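In order of appearance the chains are A, B and C, and numbering begins at 1 in each one.
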């Protein structure tokens, strides 16, 4: 910025602040720390922080702040130039057991048994794509703009695919997910979850599960592809270091394997998601989402109505707790999709239209939610005004999956980010 | 009754009109191709054949005691292909590894731990050694073994047969959390610690192999499946940072006892969308209530709150979890009309109301616009404190408390 | 049809218990136990971090007396109240220091060029409250 600055950060973010400063070129930035939290404290409590000590250094806080602005720079602080970041040696050699523990202890796994990535296994995995090992696939960071992007090659992705237990035929799908640049371990304190919807004939080529238990631990491609996403998010973008690049206060269990959803295209009365996004039906595509995870819709209003459950009402109702940060991802069993068609929603777009028009929230309620500014930017909007949850129907996305044992659905406060061709990586 | 005379109808039956159902009845059994009503009448009248009149015991084999020798790669695939894993790489359970795991308990390998069924099926029984095999597969260290044994002894599977795709949670209390170095700070529910990951995973593996759960179409009918089944919600309570009594102490255990408490329900979701999240003086109890206001009351409400929230609530007068639970119960309500329109109410509560069971009987007699609680009982609500205090957030789950089991018993 | 599916269809209470062991190593367990496990070589799974360009820090002020300090919030809840207390502290303890409160525009990590220009034009230093 060009002027002396004393950044103030609460102690909860100590590791993050320091590593962030270092990664942005100011390893010696004069950061001052306050106790945590600041949010919710009274004026008197906050003033007491100022009259007390920096909890990290133990020094009086205000003196530290004024010193930060006035004490002359040291020789180290005046340094310029470029510093390479090392990620360690290219290989590790030890017994299999010791290596498992080494990868785990150094934060390179999801804390479970991996397939150790030997040269031989890497070579076998690389047969799953025609692309060269050194080709750059893309870039990713724990949060765009807040952390530097790391880049990665086909070889890097393949190593992580081996670790996750993937077969070579899963590699193009994993490469496509990597290309989206969406980390499955967002740094946010919010503990976000991610989803990947797979469309196209590859679902059957790989024998993906889109029937009973679709989102659960019942199929190798679903499990391994999902796990690979978190594995590569950690290793290829430096996501997932608690306190530094991962601040999710509670964490999210979905991060282990992510929501891998192969759309049940043949039992769906609607257009597949990929086709809605501009691809042809016979193209293999992965579409990724991020948000707060999904919850089951059972118990929703209108589901017990006879003879025809009011699925659209239940979906709208189940989306009430959503906030404006993300859109709505609706995951319907084929029975629900068919039921919705019979209720008059012949296309996903028609349902999105109805939901968008009929999902309203009072300005008063909207104002008290996180990121209220996005919802009610105008301070003059009266409290009792009813505003739509979403400005346009395209905030709603739908995917059909399930084994038709019962007409159930799930809803997630999650936003669509991008669709990437899997065929490109074959 | 392997020869039970079953007649199949098209699917589904629920949501079909009377005309459509009549068409089913007048049509054919889609499996046998025979006219349905004739088949039903024949089933009731045609005399039993010799096979159908057999009696006696039939032993069920679960296969040979060991597999191999073969390459590790082939063995991995064998376990996957025979439904014995979660489809992720396992640690192949050799005799040596199982012996190491068995050293994690003083209980004898052939001691029966318990029995488990994934629903209305005959339960399978299992020994300490059987549980050890699955613990090895999941990547557990021997020091995790007593916790796994405790979970196994409860007989609660983490994969249930229902079409609902249930999720399960295990709350861990006591000094064992620190002994095992469990994570209850930043990323508590996520993939950031070996004990959390392995213990959760072991529960699903043993549910498949020891409880015969998770066979799609047979012992698992969850229409869409649940991602949470991979590792389950393993929640080590952040007792040190919590201003309240730990969960197990609420259930009658001493603070220094090591306990695992199991929950079952639909899932869990972050509460950041709730009303009241963004004010200078947040009222967290209102946020909880807001999130739960659209959840079914059929399962309990489990709040997993970051210590920042717990500390704030206590300072505002919620001295105990019980006080907060009482407020939540009184202030999270629904109209009778809304209640009756839910699928669980019609399917499960209504028959109970007819039997005179409370509160359902009273609720079903009330007027549509009257207001009733979200949950049938106040103790359907539970609160656990976990998290790394980077922000005052919580997660809310439609999860019912089942049972608490002593881990110490299995050391 | 796999073995487990078959067992399920039979639906009969099993007399035997589930689980299996594996003998993946040599036929003679005693021999296997005496041989040290082989070492293998595995690959580093990490990607390519960009090099870090060191950014020189701005020269410090000789003293704060008579200077203008901008108190900037990145928008996290409570920051405005906190910086108000910082302003109050200066009023009480270093009254010659002038403070100006500003809320940085945009998301947490975004730059605010307008604000930067204003500070350059009329300020001498910044105390920035950073949170989430």
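Assume a contact is a pair of C-beta atoms (placed from the backbone, for glycine too) under 8 Å apart; a residue touches a chain by one contact, two chains touch by 3 or more.
Just so you know, these numbers come straight off a predicted model, no measurement behind them.
Greatest Cα centroid separation from chain C: this falls to B. If each chain is reduced to the average of its C-alpha atoms, the one that sits nearest the average of all protein C-alpha atoms is A.
Taking A-C and B-C together, the pair of chains sharing more C-beta contacts is A-C.
Measuring from the averaged C-alpha position of chain A to that of chain B gives a distance of 25 Å. In this assembly, the C-alpha centroid of chain A lies 14 Å from the C-alpha centroid of chain C.
Averaging Cα coordinates per chain places chain B and chain C 32 Å apart.
Contacts with at least two other chains are made by residues 77-78, 81, 132 of chain C. The multi-chain contact residues of chain A, meaning those touching 2 or more other chains, are 13, 37, 39-40, 189, 247. Contact of a single residue of chain B with at least two other chains is seen at positions 217, 278, 280, 390-391. Within the complex formed with chain A, the chain C residues making contact are 37-64, 69, 76-79, 81-82, 84-86, 88-89, 93-94, 107-110, 116, 119-120, 123-132. Within the complex formed with chain C, the residues of chain B that make contact are 2, 57-72, 75, 81-84, 92-96, 98, 121-127, 129-130, 133-134, 209-210, 212, 215, 217-219, 278, 280, 390-391.
Remark: chain A residues 1-10, 13, 17, 22-30, 34, 37-41, 43, 46-47, 49-51, 62, 65-66, 69-73, 77-85, 87-97, 99, 103, 108, 116-119, 122, 140, 143, 145-146, 148-153, 156, 159-160, 163, 188-189, 231, 235-238, 247 touch chain C in the complex. Across the complex, chain C meets chain B through its residues 2-5, 7-27, 29, 33, 77-78, 81, 132. Here chain B touches chain A in the complex through residues 11-12, 14-18, 80, 86-91, 138-139, 159, 163-165, 183, 185-194, 196-198, 200-201, 204, 214, 216-217, 220-233, 266-282, 290-291, 293-298, 304, 306, 308, 312, 338, 340-347, 386-395, 398, going by the rule given at the top.
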